[in-house]
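Shown below is the structure under consideration.
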Amino acid sequence: MLRTLAVSAGYGLLPVLNGIDLSVAPGEVVGLLGRNGAGKTTLLRVIAGGLKASGGAVVLGDQDLTNAAAFRRARAGIAHVPQGRGIFNQLTVRQNLEVGTRAATDRGDGGIPDDIFGYFPILREREAQIAGTLSGGQQQMLAIGRALCGLPSALLLDEPSEGIQPNIVQSIAELVPRIARERGIAIVLVEQNLDLVLKAADRCLVMEKGRIVHEGTPEAFADESLLKDLLAL
Amino acid sequence: ADTVKVGLSIPITGLQAILGETLLNCYKLAAAELNAANGIGGRQVELFIEDNQTTTKGSIDKARKLINEDKVDVIMGTIISPERSATLSVTSKAKKLFFYPTNFEGGECNRYFVATGPIPMQQVDPMMPWVAENLGKTIYIMASDYAWPQKMTEAITAAYEKTGGKIIGADYYPFGTTDFGPAFQKIKSLKPDVVWSMVVGNDAVTQLKQYRSFDIKQPLIAPLDEVFNKDALPPGVAAGTYAPQPYWMALDNPVNKKFIASFREKFGKEKMVNGIGEAGYNGLHLYALAAEKAGSLRDDDVLKALPTIEFDAPQGKIRVDASNNHTLCHSYVGKAAPDGISYEIAKDFGTIAPVTPYCKV
Amino acid sequence: MSDVLLQAENVGIRFGGLQALEGLNLTVRDKELCCIIGPNGAGKSTFLNVLTGTLRPTSGSVRFLGHDIAGLPLHRIARLGIARKFQIPSVFPSLSVEDNLKVARWGASSPLRPVGELLELVALDSRATTLAGQLAHGQKQWLEIGMALAIEPRLLLLDEPTAGMTPQETLATAEMLLRLKGEFSIVAVEHDIRFVRALNCETLVLHQGRRLRSGPFHDIETDEMVRDVYLGRR
Amino acid sequence: MIARDRNWLLIFAACAALAVVYPLFADGYQLTVIRDALIFGMFAASLDFFWGRTGILCFGHAAFFGIGGYIMALITLNDAIPFGSLLGIVGAVAGAALVAAIIGYFLFFGGIRGSYFTIVTLAMGVICQQAAVSWSSVTGGDSGLIGIPPIAFDVGGIHVDLSQDLPSYIFVASIVAVVVLALWSISRGRWGTVLTAIQDNEVRAAALGHNAPLRLLVTFVLSAAIAGLAGALYVCMAGLVAPDLSGLLLSTEVIVWVAVGGRGTLLGPVLGAIAIQRAQQTISSFNPSLWPLLLGCVFVIIVFVLPDGILSIYARLKGLFKGRRQAQ
Amino acid sequence: MDFVVTTLLNALTLISILMLVGLGLAISFGLMNVTNLAHGEFVTVGAFAVYFVQSVGGSFWLGLTAAPIAGAVVGCILEFAIIRHLYSRPVSTVLATWGVSLILQQGLELSFGLGAKPVTPPIEGTFDLFFTVYPAYRLILIAIAMLTLVGVVLLISRTSFGLDIRTVIQNREMAEGVGINTRRTYAIAFTFGAAIAGLAGGLVAPLAIVLPQMGVNYLANAFFVVIVGGVGSIGGLVAGSVFVGGLTSVLNYQISPSLAQAIVLLAAIVAVRLRPNGLFNGASR
């Protein structure tokens, strides 16, 4: 169970998040929608520890991680696939995955789980390629694969469909809930691609100006007018 | 009360700090001696000590301060050439007397500039026949790459060739060299009778350490002295090297004995003193004698009196040559004792007059 | 054929053992809009790099207004009138939004649009003095498009311009491009099919470095092969 | 942006006013001290012009100072050359610029940036100093060239003679003021903004049509030319040029002056140079071995307490003041 | 034959020294992008450690063990107190480390007194190498340098630490995100680099001058070696050392050493120009 309690945060004097309460159960996929600049990326960074919260708490299972360093959170089981992917450009694909296993030092056997290559066969094919020369979509798969190498219990995906070809977006839409179920991972999915979120998520939240302004099932969002209200200008 | 103000520009920090310390002590000793004996014409000597940081900029700043702010009557000190020329550029403009104690390459010629150390010909001319006779007929020179060794090499070559000797190689190494291996390799293949090193300062330490480790058998002439050997060199590495100097602690005369005794009483039992320090000490005494005789502290009066007086220095009697303001100093070849610190006098050439065709003040 | 702006003939490129592009042809006429789509790793970005002269093809040729531009310094290419939006948004983070646009204008040989108009065009007028580094991802994308417009290009190459934008913004971008269409040629690489559909232009489909199909988008969209390797079926 | 410009001009005006009234309170010696410090201040500003705007650190800037100095010395010491002082200054500026142009062309168009550039220029400084020491037939070796005459020339009937303290102070202070003002107006306008853009993302800037290597090169050459000018002025004031005026130590010192004064402010480095040099000589007279220790501590402290240099004190005070007013 | 072997050994000595000093710098400057101007002082500290141990009656070998430890201690303190706060501020790093270098120099001078410190080599004399006789200590130095190099290469390639450090350098936030303690990784890497520099100092102590200011003589060259070879790879470091050291030794014998030094530096600039990413880029990864 991943929870945030009244989390607020900002950059310098600029407040971006104003008291976000979020809770995601193991195996559940929560979709997070919102306009550009709503603070979705910021929320994920606060959970992952890249940015300090100015108030509230971040809790994973029974561990209070509010004041833990980012690497401790990763080791506790929070994996983050950031917007822009954040792969290590100068390392090979395999080394990227290997580094991904660091988060699981205390929990796993230190090896790369085999099923990663099941999810993303291209990663095996390109094992020795320098990751920086992968195409954009390949990099995205690598980033997700690397996150899974850390055997996380919570996975934060920031626009995973960005730059991915349509049919793979579809398979990601199938893959994300599958990963959540199979591995019992709590997943937060930030997306602009509505089709994907509505297909993959169990529950959807809408953010605006640093607050959660709406919550509902994907089915409820199928209503076009509601969507327009919440997301359009 | 009214004092005689002596400004000292000394490298207290920076590359020449070791030599600077000894030089400063020698000035302090001379001032104390003068003050104990009624100062200069009844006025006490007051030292204004400034650290020139062994740099051009520092030397200029400090010389200006001494002249303009402290209003000193004379400036003394500095060790290496950049300090000297920087100081000189200030003193010559201000027409202020400047006494320079260190062995130098010559070439500087100025009415207000007095050198109490030797120029190359004073050390080399009398020495080369002795080298040819006692050490050998071929010399290889390795040196730091700057003016003094270059001028020395010229002097050595001229004097040596007159005796039938030959310089078979000369290499100049930039400051900060950490490996002299190639030079030793050259020595092995050229097989000179004598190796003459003019690698100076910190590099001399490196050079000498490595010289020993290459197990070279030829006699070595190196510009070392007691202070350097004791404070900078590992024990024993200087043993057996030769050096030409105007002053040695081993000189057997009462003035020197007293000089060393009072130096050690004041600054420490183990302390060593060297030619630069002694030349500084001589400089202050020469100035005092000249001022006393002139009865004035005006630079021109002192200068006029300077060549007419003689000082009984630790190295022997010395005086300043009126034609170029250089000092007629002694020339000795010393040979380092097995302890690698002290020297015995291998040969005494007496007083040598400075001959400077380029200079006439 | 005087209105041909860019002509790529039989372009091929190799990276070590990988034949990234092979036998590609593309002709862009003046004031023409065209799209390139294709699976990840198909070679779209690489092809753009070849078209802009950043990469020299191992075979074939690329001519812009009749000149071979391969290997020319980047700024010369820009001055010839080729503007480009990179796949990863790249702006000048320590300059304000306004200064970003100014720098872009200064680089141009003959800038027309004033900064104010550009700011409006990309809907950033309220953030003119914000440092570009502090913009949200989507806003950076817009800024970068604005910068590309600022140099008054003859040819604008866009690598995934709408990545990270909301559906509405994506459509707005498409509309903007359609409006600009009369001024210069545009080549866009995109995965967002709604965007491509909105542009509804000549489309080249790449697959494993080769041309898979090309033609008007509505033909492409229904092509079985393209649906197999790229669009997927639902 | 506008407010920042105004602040800068305010501080500049305050400094200029100080420089104008200073001679009323100072004797000749104190004038020469500040005059020389100002020259080094201009030298620091020249480094800042390049380093502050491009983010590329030149670790051999003293080489240009030294080149300027040596050219000035060689020209003015040669009696056969007429208009020695003027020609010397022109030669010094041109010489430094030329060397910078050659090296810069080589490096910038070769794609060398960042730390690589820093270290290569460091080597350049080492070579220059070593050349000055060993090429003694021209440079006078380690003792340098002595007896350089003070600047003196006639322009349009006006006779300028800087052998006296006050005229030379006025001359130097006005040159420094003009140069700093000129550099500032260059670096705040279009030129400076584009340089910042290049520093941020060179590829992007090039893709927008900016010739980045050329712009860097021109900036570097200009910066070196000013350094050469500073060198030429200094050697005339000091009356000599010596190898350590092109050495590593001076190169390091100038970096420190810029950093202490505030990188990218142009004025800060001038103040930093004056403050540090005066502090150095004063402390050294008081206790020689204390200086290096103190200096070391000052740098470490400055990095943490005043990361943007001493000029930022003003901005901070202002901020504090505003904060107070708002709180009331 | 004698000549060739001696030239080779001379070159090897210089290469070994450059390589050892450069090895530490390759880590801090090459990998971590920290322009540490106090790196030379780690060398000094190592040399002083040997001097100190000898002066209280210890053997050279004991001193040589103490040297890297002393370097590591100073490096660790420096990292903890200063460098770690400045990783994102390279310019401040230059300034602060220059300050630290001044403090260390003056501190050493105040505690050990002015002037050079005597260090005696563990063995005197020369070793008969069949072709030529060569100073025995230099042979030891070469051997230890090679062993150290092999050790470092093994450490970086065989342990996960090498991978971690490269990860941290490329993207610090992301490295934290995959569970790497970036602070500790940096601290260890920096300390390790300092330790190697300390070892280098211990090794050169019997060969060259030991003085608070000695570090400067090594600093510029070490930076150069790292750059010429290519930042961030051990192979590059070796290539750079061979290039600079080898050329210096050979040229020194042919032409005036000052000129040789200038030529080597110019050649290095040309090399950097022609191969901006280093003589040996990438090949050792």
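Some observations on this one:
Letters are used for the chains, namely A, B, C, D and E, taken in the order the chains are written, and counting of residues starts over at 1 for each.
Following the convention adopted for this analysis, contacts are C-beta pairs under 8 Å (C-beta built on N, C-alpha and C of every residue); 3 or more make two chains touch, one makes a residue touch a chain.
Predicted model, so just to flag it, every value in this text is computed and none were measured.
Touch-path distance (fewest steps) from chain A to chain C is 1. Among the remaining chains, those touching chain A as well as chain B are E.
Among the remaining chains, none touches chain A as well as chain E. Across the two interfaces under comparison, C-D and D-E, the one joined by more C-beta contacts turns out to be D-E. Between chain A and chain D the centroid-to-centroid distance comes to 51 Å (mean Cα coordinates, whole Å).
Centroids of chain D and chain E (each the mean of its C-alpha atoms) stand 32 Å apart.
A straight line joining the Cα centres of chain B and chain D is 37 Å long.
In chain B, the residues that touch at least two other chains are 145, 172, 174. Chain contacts: chain E has residues 216, 256, 258, 261 touching two or more partner chains. Contacts between chains, counted with the stated touch criterion, involve the pairs A-C, A-E, B-D, B-E, C-D, D-E. Considering their complex, residues 29, 33, 35, 37, 82, 85-86, 89, 91-92, 94-96, 98-103, 105-107, 109-110, 216, 220, 223-224, 227, 231, 256, 258-259, 261-262, 265-266, 268-269, 272-274, 276 of chain E touch chain D. By the touch criterion given at the top, residues 160, 163-164, 166-167, 170-171, 173-183 of chain E touch chain A in their complex. The residues of chain A lying in touch with chain E in their complex are 48-50, 69-71, 74-75, 79-80, 82, 86-91, 95, 98-100, 102-105, 146-147, 150. Interface residues of chain D facing chain C in the complex, by the touch rule stated above, are 1, 190, 193-194, 196-197, 199-201, 203-212. Contact residues of chain C toward chain A in the complex are 15, 38-42, 45, 87-88, 134-139, 160, 163-169, 191, 193, 229-232, 234.
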